[in-house]
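Below, each structure is written out as C-alpha cells.
Next come two complexes built around subunit A: one with subunit B, the other with subunit C.
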Partner chain A sequence: MIYMFLPAAAFFSAFFILPMCRLFLVGGSGAIGWRAYSVIVTDSNYFNALLATFGVALATTVTTLLIGGLVGVFLQRYRFPGRSFLMAIITLPMAFPGVVIGFMVIMLAGRQGLIGQISMALGGDRLVFAYSFLGLFLGYVYFSLPRTILTIVAAAEKLDPKLEEAARSFGANTWHVVWDVIMPGLKPALISAGAICFATAIGAFGTAFTLATRINVLPMVIYTEFTLSANIAMAAALSFVLGALTWIVLALARSAAGNTVAAAA
Partner chain B sequence: MSALVPQALSIRLQGCAKTFRDGTRALESLDLSISAGETLVLLGPSGCGKTTTLRLIAGLEQPDAGGKVFFDDTDVTTLGIEARKIGMVFQSYALFPNMTVAQNVGYGLRILKMPKTEQQVRIREMLAMMRIEALADRRIDQLSGGQRQRVALARALAVRPQALLLDEPLTALDARLRDALRVEINQLLRSLGITTIYVTHDQAEAMALGDRIIVMSHGRVEQIGTPREIYHQPGSAFVANFIGSMNQLRGVVTPQGFTCSAGCLNWDRSGVAERVLFRPEDVSIVTSSEFAELTGVVKASFFMGDHTRLLVDVGDEAPITVLDDARCPQAVGQKLYMRVAPLGLMSI
Partner chain C sequence: MAYRKILFGMQLGLCVLVCVFLILPMGLSVIAGLTNNYFVGLDSGLTLRWVLEVWGGYHDTIFRSVWIALACVFVTLIIGVPAAYVLHRSPQRLARWLEELLVLPIAVPGLATALALIAMYGGWGNLRSSWLFILIGHVLFTLPFMVRSVLAVLGGIDLHTLEEGGASLGANFTQRFFHIVLPNCRQGILAGALMVLTLSMGEFNMTWLLHTPFTKTLPVGLADAYASLRLEVGSAYTLLFFLMIVPLLLLMQAIAQPRQKKFELVEDEVVILLSESAKS
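Then we have the complex of A and B:
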C-alpha cells in the first residue's frame, strides 16, 4: 500500500508542496518580514491588482464556457460543409505565444486597430480598449476557447440521445432539455474546462505583458517586483497568494458543483 | 386502475414509408390501425423497420411525403413527440442520471406544472404500482436493470399518457428477470387498458404480450394477426421460420397423400404442394413401422430439461426436429418411426 502511495507523494512534493513551502518562506524573508503578506491586502496597488486578476479570470471563464458550450454542442450535432476543416483549425490559437495574442488584440482594438478605425469612419470617437480590462479579457477568451470547445465536443458525443427523446416525450421544450439533460451531462466537462480556463487566465503572462498598461494584474506586478525592484520576497509572497487563492477558488468550484460522478453515470 | 388512463386512443398509419437521408429505405409504405386499448407487438429481426414504425408513431421521425399518422381522427403527422402525449420506454431505460427515482417519475408532472402536492401523491401512486416505493430517493446508478425498467415504466405512466410505446424494454435484462417482468407488464397493460405498441425481436415476448402481432422483415409487413394465427397459420415462409421452430419436407401430392423421401403424410387438401411445413410438437414417435408415416434416423439429441430435442435425418436437405421424452430418449443412430398430426400440416 505504502509503495503505491509513494509515486503520488513524490509527485505532489516535487510539484506542489515543496515549491509552495519555499515560496511561502521566501515571502517572509524580506525587509518587512512576514508583513509582506498583510501588505498584499492593505496596499491598494497590490490589492487592486489581485481583484483585477481574479475579475478578468472569472469573466473569461464564464464567457468561455458559455460560448464554448454553445459552439461545442453545435459542432458535435450538426454536419455541414467545412466542419472538419473548422475542427482542424480550431486549435490554432493554442499554438500562439501570449505576446502574439496580445498583438492581435492590439491590431483589433488598439490605437491603430480595426475597431478604432471603424468607429472613426462612422463619425464617432476612436474606440480603443486593447489595453484595459476588456482587451485582456478578449485575449484570454480567444486563447481558452479552443480547448473548451474541444472538451465540450468530446463530452457532447457521450450524451445519450435517448435521454433527450425521453424528456421531449413528456413535453419538454428546448430550454427544459438544455437544463435537465444537456447541462447535467456536460457538467463534468464544464467543470474541468472551466478550471483550466480560470487557472490559465490567472497566470497568463505574455498577453498581460503586451496589453496590461491600463490595468494592473498580479503576474505583471510580480514581474515588476522581481526584475525592476529586485524585491524578491514581495514577488514570492504575491506568487504564493496567487497560487493559494487560485487553488481555493478551484476547490470551491469543484465542491459547489457537487457529485460529478452521478451526473456522468 | 383503469382510471389511470384517460381515454384509450386509436392510432392509424396511412401510407407511411420512411427513407433516411442517406437513402436507406427503412420502411416500405405501411397502412396500419391499432384499436383503442389494444396491445400491438411489432416483431422482427434487427433492421426490419419495427423501431422506425414506433418512432413514426411517437413523432420522433416524420414519414416520407404522403404518409399520415392519425390519433383517433386527428392528423398528428406534423406534431413532434412533445405534443403527442404518449409515454415512451426505451431499451436503455433513458432515466435521468442527475435525478433520483422519485424525481424521474415526477419529471413529466413537473413539465406539466402540476401542483407540488398532487405531484407527490401521483409519484407515490406510481412507485406503489411498480412496487418500488423503497427506492424513491435512490440515485439511478444505484439501481439494477430490472429496477431501472420499473422506474422507466412508472415515469412513462405517471403523466397518464394516451398511449404507451415500448422499444425493446426487456432486451437488456437477463432471461429470468425478463420472464418475470414480462408477466408483470402483461398484467399491468391488461389492467390499465391503455393502447400499447411494443417493439421486440423476441417471439416469446411477442406471443405473451400481444393482442395482435405484426411480423416485419426488410421494412415490410410479413403478417398481421393474433399470436395464434401467426403461429398456426404463418402467412409466409419468413413468418413460418421466424416464429418457433418449423420442419420442412419437399415432395409431391399423390393419391395416397403427400409423398416425400421419408414416407407419405396424410394430405387430403386440394391443390399442388411442393413442400409441407409442420412444427416439432405435432410430430409423434410411434413404436412400429406399421403406424408410421415417416421414417428417419436420429442424428443428434439435445437434453432441454423438460424434453429432449432430436434432429432426425429423413433424407431431405435439412433434418427435422422432433420432441422426445426427457427421461428415456431415443439413442443417436437409432431408426425412428413418426406420425404427423394432420391439423399441424401447412403449405405455403
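Then we have the complex of A and C:
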C-alpha cells in the first residue's frame, strides 16, 4: 500500500525539500557569506523593512479579527431576509489572487478611484492613498476579511447556546456574555484566523507588487534584490527567513489553539 | 428591547458596510472595463472594445492558464488521491507528521518556493522556459488542498467496514480501491479538483518568478496590464478573470452545501481549506 504514497513523496522531495535545502545554501554563498542570514536584523534597511512588514501585518490582523468577529457572529446568529445574499457577496472574493486585490484597491483609492472622486466632489483635494501603506493595509484587509468571517461563522455554529442562557439566567449582562462566554468559545477560531491573516500579510507578494511601488515591505525587498540588484544570495537568504517566520507564526498559532487548527496551517 | 434593536441595527450596518467594501470595487472594475472613457464616466458610453482588445492581445494567457490548471488537476489527482488514502490508513502520528510536511508549500510564501525552484532547476535544459516549470510550482501549492479535501471525506465514512465487506466477497486491493474507495470519496475529489482548478488559475506569487515571456499566465498578464496599460484595459482583463473564476467558486459552494447534512464537518473543511489559500 505504501507504494501509493511514493509518487507524491518523490515529487515533494524533488521539487520542495531539495530546492529548499539548495535555497538555504545559496543564501550563504554571496559576497558576505553566512552573515546574509543575520543581516536582516543588523542592516537598518532590511530591519526597517521587517518592522514595516510586521506593522502592516499586525494592523491587518487586529482590524480583520475585530470586524470579522463581529460580522461572523452576527451572520451566524440572525436569520433575516438578504442574509444569504450577504453571505454570497462575502464568499465571492475568496479566490482572488493578490494582484486582483491590489487592483480592487486601485479602483477604490487610486488616481481614478472612487474615494478620490468623492473627495473632489465634496470640494476637497483628490484623495489618493492606494500606493501607500494605507492602501496595502486596505488590500490585506480585503483579502483576509472573507476567510476570517467564514471561519468565525463556522466556529460560532459550534458554540453551545445553553452556556449563554445559563450565564444570562445568572444575571450576566451582554458584555459579560460576550467576554466570558462567546470569546473563549471562539478563541481557537480567532487564533487560527488571526495567524493566517498575519502570515498572509507577511508573505503576500501579489498585492504589494500591484500597489507598493514605493513601499519597502519584505516581499518587495526580496523581489528587488532578485531582479534589480541580481543579488541572488541575499534574495535567497531573505526569502528563507521570510518562509521560516511565516511557518513559525502558523505553528505557534496551532499549538496555542490546540488541534482544531491542525487543519488550518 | 430598544437597546437590543439598536445593537442589531449597528451590527447589520457593519455587515452591509463590509459587503459594500467587498463588492463595490468589483462593480467599479466591471463598469470601467465596459466604459469608453472611465475618467469621463458613463456618459462616454458603454463599449466592448476594451474586452475585445484584451481578448485579442492576451487570449493566449487565458488558454495557457486553463491548460496549466487542468494539467494541475490531473497531476494532483494521480499523486494526491492515493497519497490521501495512505495517510488515512497510516498510524496517526506518522500521518500528522507527513501532512505537516505536505502543507509546507502553503505556509511558506510562494516567493521563497519559486526562488528555491529556480536555484535548483533554473539551469536544467529547457525546463526553465517550459510551461512545465510553472506546472511544478502549481502542483506543489495545490497538492495539499487535494489531499486535505479527500482526507476530510475519508474521515467521515467508515471505509474500514466497507473495504472489509469487499474483501470478504473476494475483491483484491486494486478492485477495492477503484470500486469502493474512489466512488466513496468522489465528493472530496470533486471539491478538491475544483479548488485546485481555482487556485491554479489565480496563482501569481510563484508564477511571476517562474514565468518567461513565452509562458505568461492569466494573473501574470493581469499584473502586466495593471502596470502598463490604461485602467479600462486592466478592468476589462479583470472582467474576463471574474467570468472564469466566479462560476467555479459558485460551483464549489453549491457542492459544499448538500454534503453539510451528511457530514457536519465538511463545510467547515471547505472554509478552512479555502482560508489556507491565504497567499496573495
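The working rule: the second predicted complex is superposed on the first by the 219 of 265 C-alpha atoms of A that agree within 3 Å, B and C clash if a C-alpha of one lies under 4 Å from a C-alpha of the other, contacts with A are read in each partner's own complex, and residues count from 1 in each chain.
Methods note: a contact is a pair of C-beta atoms (placed from the backbone, for glycine too) under 8 Å apart; a residue touches a chain by one contact, two chains touch by 3 or more.
Computed from a predicted model, the values in this text were never measured in an experiment.
**Q** If you stack the two complexes on chain A, which partner ends up touching A:Ile2: first (subunit B), second (subunit C), both, or neither?
**A** Touch status of A:Ile2: second partner only.
**Q** So, does A:Phe133 touch the first partner subunit B, the second partner subunit C, both, or neither?
**A** neither
**Q** Going by the contact rule stated at the top, is it subunit B or subunit C that touches a larger number of residues on subunit A?
**A** C
**Q** Given the touch rule stated above, what does A:Gly98 touch, subunit B (first), subunit C (second), both, or neither?
**A** A:Gly98 sits against subunit C, while subunit B stays out of touch.
**Q** May I ask you to decide whether A:Trp34 touches subunit B, subunit C, both, or neither, giving the answer as first, second, both or neither?
**A** After superposition on chain A, A:Trp34 lies in contact with neither partner.
**Q** Kindly classify A:Val181 by the partners it touches after superposition: subunit B alone (first), subunit C alone (second), both, or neither?
**A** A:Val181: touches subunit B, not subunit C.
**Q** Should A:Asn173 be classified as contacting the first partner (subunit B), the second (subunit C), both, or neither?
**A** Only subunit B is touched by A:Asn173; subunit C is not.
**Q** Once the two structures are superposed, pull the subunit A residues common to the subunit B and subunit C interfaces.
**A** Comparing the two interfaces on subunit A, one with subunit B and one with subunit C, the shared residues are 262-265.
**Q** Which positions of subunit A touch subunit C when the two form their complex?
**A** 1-2, 4-5, 7-9, 11-12, 15-16, 18-20, 22-23, 26, 67, 70-71, 74-75, 78, 80, 86, 88-108, 110, 112, 114, 139-140, 142-151, 153-154, 174, 193, 196-197, 199-200, 202-207, 209-210, 219, 222-223, 226, 232, 235-236, 239-240, 242-243, 246-247, 250, 262-265
**Q** Would you pull the subunit B residues touching subunit A in the complex into a rising list?
**A** The contact residues of subunit B facing subunit A are 58, 60, 80-88, 90, 92, 94-99, 107-108, 111-112, 139-141, 155-156, 159.
**Q** Mind listing the subunit A positions that touch subunit B in their complex?
**A** Interface residues on the subunit A side: 160, 162-163, 165-173, 176, 180-181, 184-185, 187, 262-265.
**Q** Tell me, which parts of subunit C touch subunit A in their complex?
**A** Contacts found on subunit C: 7-8, 11-12, 14-16, 18-19, 21-26, 28-29, 32, 38-39, 78-80, 82-83, 85-87, 89, 96, 98, 101-113, 115-117, 119-121, 136, 139-140, 143, 147-148, 173, 198-199, 202-205, 208-209, 219, 222-223, 226-227, 231, 234-235, 238, 241, 245-246, 248-249, 253, 267-269, 271-280.
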